[in-house]
Structure formats: C-alpha cells, structure tokens
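Shared chain: chain A. Partners: chain B in the first complex, chain C in the second.
Here is the complex of A and B:
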C-alpha cells in the first residue's frame, strides 16, 4: 500500500455522518448497483473510479489478512478456521462483483470502440486502464483486418469508419432499447410524444432514452 | 468474449440468487464468536442466543456449520402465503405484495434451514409453487397489454421479471421499430402530398413521372 492509498482511506473515513462500517456496507451496495446498471443499460456508464479504488484497497488488505491468519492455523483452532471461511466467502463475492463489472464494461468497450474514440464525452467515461486496453485492442484488430482482407479491397472500400451514404459503419449504443426500472420518486417522462407518469415504487419497462437522466440522479433504479 | 451474449441485457438465475443473498435475515447464534472484519459491513461479535441481523449468505454459511438458527421471516408462513394466494385470485389484474426476492430466499431457507420452520416445510413449498404458477399466468396475460411506449409491472419480483424480460424486450423493440417505420411513412406521405399540391399550383413544372 502506498501513501496515496493511505490518504484515500483517510479521506474516505472522514466523510461526515458515517462510521467506517456503514461506509463499507454502503460501498458494497453501490458496487452492486453499479454492476446492475452497467449490465442493463445500453450505453457505457462513467467508470466508478473512487468506489472501485476503495474496494480494491480493502480487497488487498483482506488478502494480506488471510495470509497472516493461515500461518497461525497450525494450532488447529476451530474458530480461526471458521473465521477464515467467512472472510474468504465474502472475498469471493466481492471479487465476483468487480470482475463482472469489469467484463461488462469491456464488452461494451469492444463493441463501441470506434464510437467511443470519436467522441470526447464517451472516452471520458473510461478509466486509464480501459483507455489503454481499447487503443491496443483496436490496433490489433485493425492490423488483423488489414492483413487478412482489407488490403485486397479497392482503396475506396478499405475504411472501417465510413459514415456517408446514409448508413454509418460506426456502431453506437441503441438508447431506445427498453429497460426495466423501478421508480424511486414521482416523475413524468416523455416517450414518443406521450407522457408516462412514474409513481414511486412502480415498475416500468420503457426505452432507456426516456429515463436515462433519472437513472443518473437516482430517481429510478435499473432492474 | 468478455461477456457471453446470454448475459447481455439479462441476469442469470445464479446472479439473482447472489443478489438475494445480500438481504438481511435474523439469526439466533448457538455459540459465541468474535466479530470478523469484512470488506463490507463486519460480522458483529456473536453471543449465544442474542439475535443479530446478518446477510443471507453469511447466515446459511453459519447454519451449515451448525453455529446458529435462522429466524424464518414472517412472510414465509402458511397463513401469510395463503392470504397472498387468495388475493391473487381475488384481483386478477394485480400482483399481491411479496418481498423483492421472495423466490430465492424462500428456496434457500427451505434447502438449508428447514428445521427452523414453524409451519411444515412441505406445505410452504406447495403454497410457494401455487403462488408462482398463478403469478406466471397473470404475467403472461399482462403481455397482451404490451405496446411500444411502456408497460407497468408493479408487484413482480426480480426473479419473475427476469424470466419474462427477454420476451418483453423483443416484443417492445419490434413494436417500436414498426411504429417508427409507420411514422416515417406518414411523413413521406404528407411530404409527397405537399409536393403534389405544389405541383398543381405550378403547372409549368414538368414532372416526367406524372406524364403517363
């Protein structure tokens, strides 16, 4: 752990009105929500930088703790064993969330690379690691396309990001795809010139475009 | 591929179980145990017979080790479930009020803590099955109401939503596309009518397609 991590931990623990334990519980809750949102929504959402950093630091500490305790295990203490099982099960669960979150993002990044690259607000949603990954992946992909078939096509047909002729070759997320949401507050949204009233606790299926702003402020929860 | 196609836009039943296991349940510890620091909220220090609220995954883990008993939630009782079943019959267009994760939680408790049940587990099991079936039929009937704008599904639990999700997505998406193409067509027609009107106003404008 370096100095920045310690500072981050310190800053986090200083947030008002929360003790450390509540904060940890809240972070896991937020991680689950971030995971579900990323899975269910058509567009790439902004990377949860600080949240992921905090959880990763805790994971690392927990792994160190497990290693320390495993050495003591020779004493055949049953309680230590059970405690380790508890710690390891939780670790598995948190790691699953992080992994699935990352994989979901990578899938979208792969699919929409060209679109993300052409648009500054989109690229700003990526973490530094994700940006590096995307550039490298795209580079490899282009190299492959070129060596396999593009070089044999007439030059005018070689581009892979043509937008003219009414059909764009750059794939964009379909914001009109439906999503399931639960309303957490009363709101009225416009869908295709019709007004839809969202009542608190109601469950609705409607196109993502109509509720995307409400998702961001937390007035609806993606299911 | 980083995420298999079946997992895009949908959750797997295992993943919903995972979410259900985050819900809190009350346990009665049989033995004392020191608190455990976790990545999320810590497991508090347990004292024998002192009730604690902990997440479902932890409760079943301790239960498997025979460290605790689980207090079966009030809604998993013959009386409560039967009342919900009657409601389902009485109101054919509404879903009765069941917890967000009723299916996975009830199943998990039946599997791991059936000795903690007050009512006979087999009766609970069959009531759950009845509820599940009647709600499934209702959900399918509700699909008739589908349109391209929105659909409201109050009262369904996550597992039930997830089961009908692929179907609803597909239908709404198709309806949306049909509606969009209708709109485009209507626009084209009104545009061509306007053009025709303009043509009539100006006879000198030769239009080879209208000469026949």
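Here is the complex of A and C:
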C-alpha cells in the first residue's frame, strides 16, 4: 500500500455512508462490469488500474487471514470453519474474475498487437505489465518469423506490417460487430442514416460502433 | 505451378486446426516456398529491366503476376507460422508438461520460441501471483469438490491436512488445492 492508497482510504472513510464494506461491494460490482464489458466488446478497453490494485490488496489480506485462521482451526473447529468456507468462496470468485479479465485482455492484445502499437490512444489502454508483455511477445514472434523464413525472402517482402496491396497485415478490432446492450438511460444513437431511440431498461442488439461511447460513460450496459 | 507449394502448406495448417497436437514442422516445404519466392523475384527483376524500354502490356502483366505470387506465398508462410505460434502459446498457458513427441514435431526455432514465451508468461504472472493466471477459466461453483484419484500422485499437503493420493481413492478437497492435478489428469472431478 502506498501513500496514495492511504489517503484514498482516509478520504473514503470520511465520506458519510461510505464505509469499507460498501466500498468493497461497489468495487466488486465494478469489477464484474469491467469483466463483462471486456469480454463482450470487440475492442480493448482501458485497463482498470486503480480498481484492480484495490481488489488485489484485499485479496492479499484475505489470503493472510485464511492462513492465520487455519492455524487456529484445530482449537475452535466449527465456527471458524464455516467462516473460512464463506471467505474462500468469495476469494475464489474474485480471483476468477480478475483471472478471466486479464486473460481476455491478453487475448485481445495478442490479436491486435500491431494495431495497438501503431496507435497511441490504444497503447494508453494497457497497463505497464501488459505493455511490456506485448512488446516482448511481438519481438519473439518476429524473431521466430525471421529465423524460419522471413530473413531469406527478398528485402522488399520482409515487412510484417504492410497495409498496401489490397490486404492489410494489421488486424484491427471489428467495431461493427453486433453487441447486446441494456439501456440504463434514455438516449438516441445513429445507426447508418437512421436514429434509434434507446429507452431505459430496453434491451437492444446494435453494432458496437453505435453504442461505444455510451458504454464508456455507463449509459448502456453490455450483456 | 506457382503457388501450389503454398497451397499444400495451407492444407497442412488447416489439418492442424483439427488436431490436438501440432504435427511435424514442414521444413522442406517452407524452404521450397522460400526458393520459389526468390526465383520469382529474379524473374521480376529481369522483367523490370526490360520494361523500362517501352510500354509493353505483356511484360507488365507478367510482372504483376510475379508480384502477386510472391505476396501470396509470403502470406501463406506467415499464416502457417502464426497458427503454429498460437498453438505454442496455448501450450504454454495450459502449463502441462509437453510430451517428447510434441517437442520433436517442432523446429529448433519453434522450441526456442516456446522456451522464451514461457519465460515471458512467468514474468507477466509475477505481479499477479495471488490470482493464479494459469488456473481454470471456468467460473468456480464450489470451494470443495469430490475427486477420484486416477493415477497415484503421492502425498499432497493442504491447509486442511495431508492427503495420500492412491489410485481409486476418493477425497473431498478444496478445488484450488488440486486444480493442477486435475489439469494433469491425476484426479477426476466427480
């Protein structure tokens, strides 16, 4: 925990009605949303740095607590056991969310790495760890291609990020892929030349491009 | 005919998609395709020299076909290698021991890549050690599960005591503790 976290926690505790428990529940909700969004949306979303950090800190504490408690297990068998099981189910689920979230992001990063690298707004969505991973993985792949055949080709054919010649070698996320969304507020979106009205609580299938800004501000929820 | 070899390579890649294991790396085929590209390049060079003299439609057409063939060959090579690289990545994430037969099917360069990618993944997992990134991507249902032992796996130590995993015995254990053994096929979830 660094200084910023201490400050944040202090501030959070000062706000009325915002105790640690509520904050925790809120974070969990946000983690689920981040996970669902990341899985259902074609493009890479910005990394939830602070959120993940907070959750990781709690996980660490919980793991410590479990270890501490299981030492006492022999003495106060029953009551502790029940509590441990509850804490562990919770822990398993949160760990799963983060695991799946991270792996989904890695899949997208691997798939679109050339595109992400060529574009500053896209690169800014990655965490430092992800950025290092992407650079290194690309390096390894290039090394593999080069040593297998690429270096033996005529020089004019050695690039792997050409966009000319009818076929682009850089794969981009398909923003026109349809997504299921639930509207959380009334909005109007443009689809081609038509306007589509979104009413609160309605469920729609739309091209991601039409609702991508609303997803980011939280006016629609991806299903 | 130009492009036939690359077609063979793509067929092999297509077959690979439906196999559990990566088949043998097509070294000779890849080499011949590279050779084909180089001879095409030579031909293209000659054609370019002649073309500079006058505006000759036949010559231009030939040149165009040469370039198309080279590019297509290159794309096939890349597609083939990318598919294999992706499969290698999956192997690393599955975190199981890679059998000797599988290793023998890889080219030396691929083996090298596999090793380096493995290091990269471990490095990435480092800051997230509490999450076990290689773990199951199925949502967890129960903390404790019943498992049956399929192969002797010796003793394991957990927070809930020591289990002696002998074949055909059955245990009620914490899923997280035995995840790896299930993946490796020692235990079966009931």
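Here, the second predicted complex is superposed on the first by the 204 of 223 C-alpha atoms of A that agree within 3 Å, B and C clash if a C-alpha of one lies under 4 Å from a C-alpha of the other, contacts with A are read in each partner's own complex, and residues count from 1 in each chain.
To be clear about the criterion, a contact is a pair of C-beta atoms (placed from the backbone, for glycine too) under 8 Å apart; a residue touches a chain by one contact, two chains touch by 3 or more.
Only a predicted model underlies this, so the values are computations on that prediction, with no experimental measurement involved.
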{"item": "Which of chain B and chain C A:103 touches, first, second, both or neither", "value": "both"}
{"item": "Partner chain(s) touched by A:188 [first = chain B, second = chain C, both, neither]", "value": "neither"}
{"item": "First (chain B), second (chain C), both or neither touched by A:85", "value": "both"}
{"item": "Contacts of A:56 with chain B and chain C, given as first, second, both or neither", "value": "second"}
{"item": "Partner chain in contact with A:66 - chain B first, chain C second, else both or neither", "value": "second"}
{"item": "Partner chain in contact with A:93 - chain B first, chain C second, else both or neither", "value": "both"}
{"item": "Common ground on chain A, meaning residues reached by chain C in one complex and by chain B in the other", "value": "59, 85, 89, 93, 96, 100, 103, 106, 110"}
{"item": "Chain A - residues contacting chain C, complex", "value": "56, 59-60, 63, 66-67, 70, 85, 88-89, 92-93, 95-96, 98-100, 102-103, 106, 110, 129, 132-133, 136-137, 140-141, 143-145, 147-150, 152-154, 157, 160, 165, 167, 169"}
{"item": "Chain B residues touching chain A - in the complex, by the definition given at the top", "value": "1-3, 7-9, 11, 15, 18-19, 21-22, 33-34, 36-43, 57-58, 61-62, 65, 67, 148-156, 158, 161, 165, 168-169, 172-173, 176, 179"}
{"item": "Of chain A, residues touching chain B in the complex", "value": "21-22, 24-25, 27-28, 32, 36, 39-40, 55, 58-59, 62, 65, 79, 82-83, 85-87, 89-91, 93-94, 96, 100, 103-104, 106-107, 110, 176-178, 180, 191-192, 194, 196, 201-207, 223"}
{"item": "Footprint of chain A on chain C - complex, ascending", "value": "30, 33-34, 37-38, 41, 70-71, 74-75, 77-78, 81-82, 85-86, 89, 93, 107, 109-110, 112-113, 116-117, 120, 123-124, 127-128, 130-133, 135-137, 139-140, 142-144, 159-160, 174-176"}
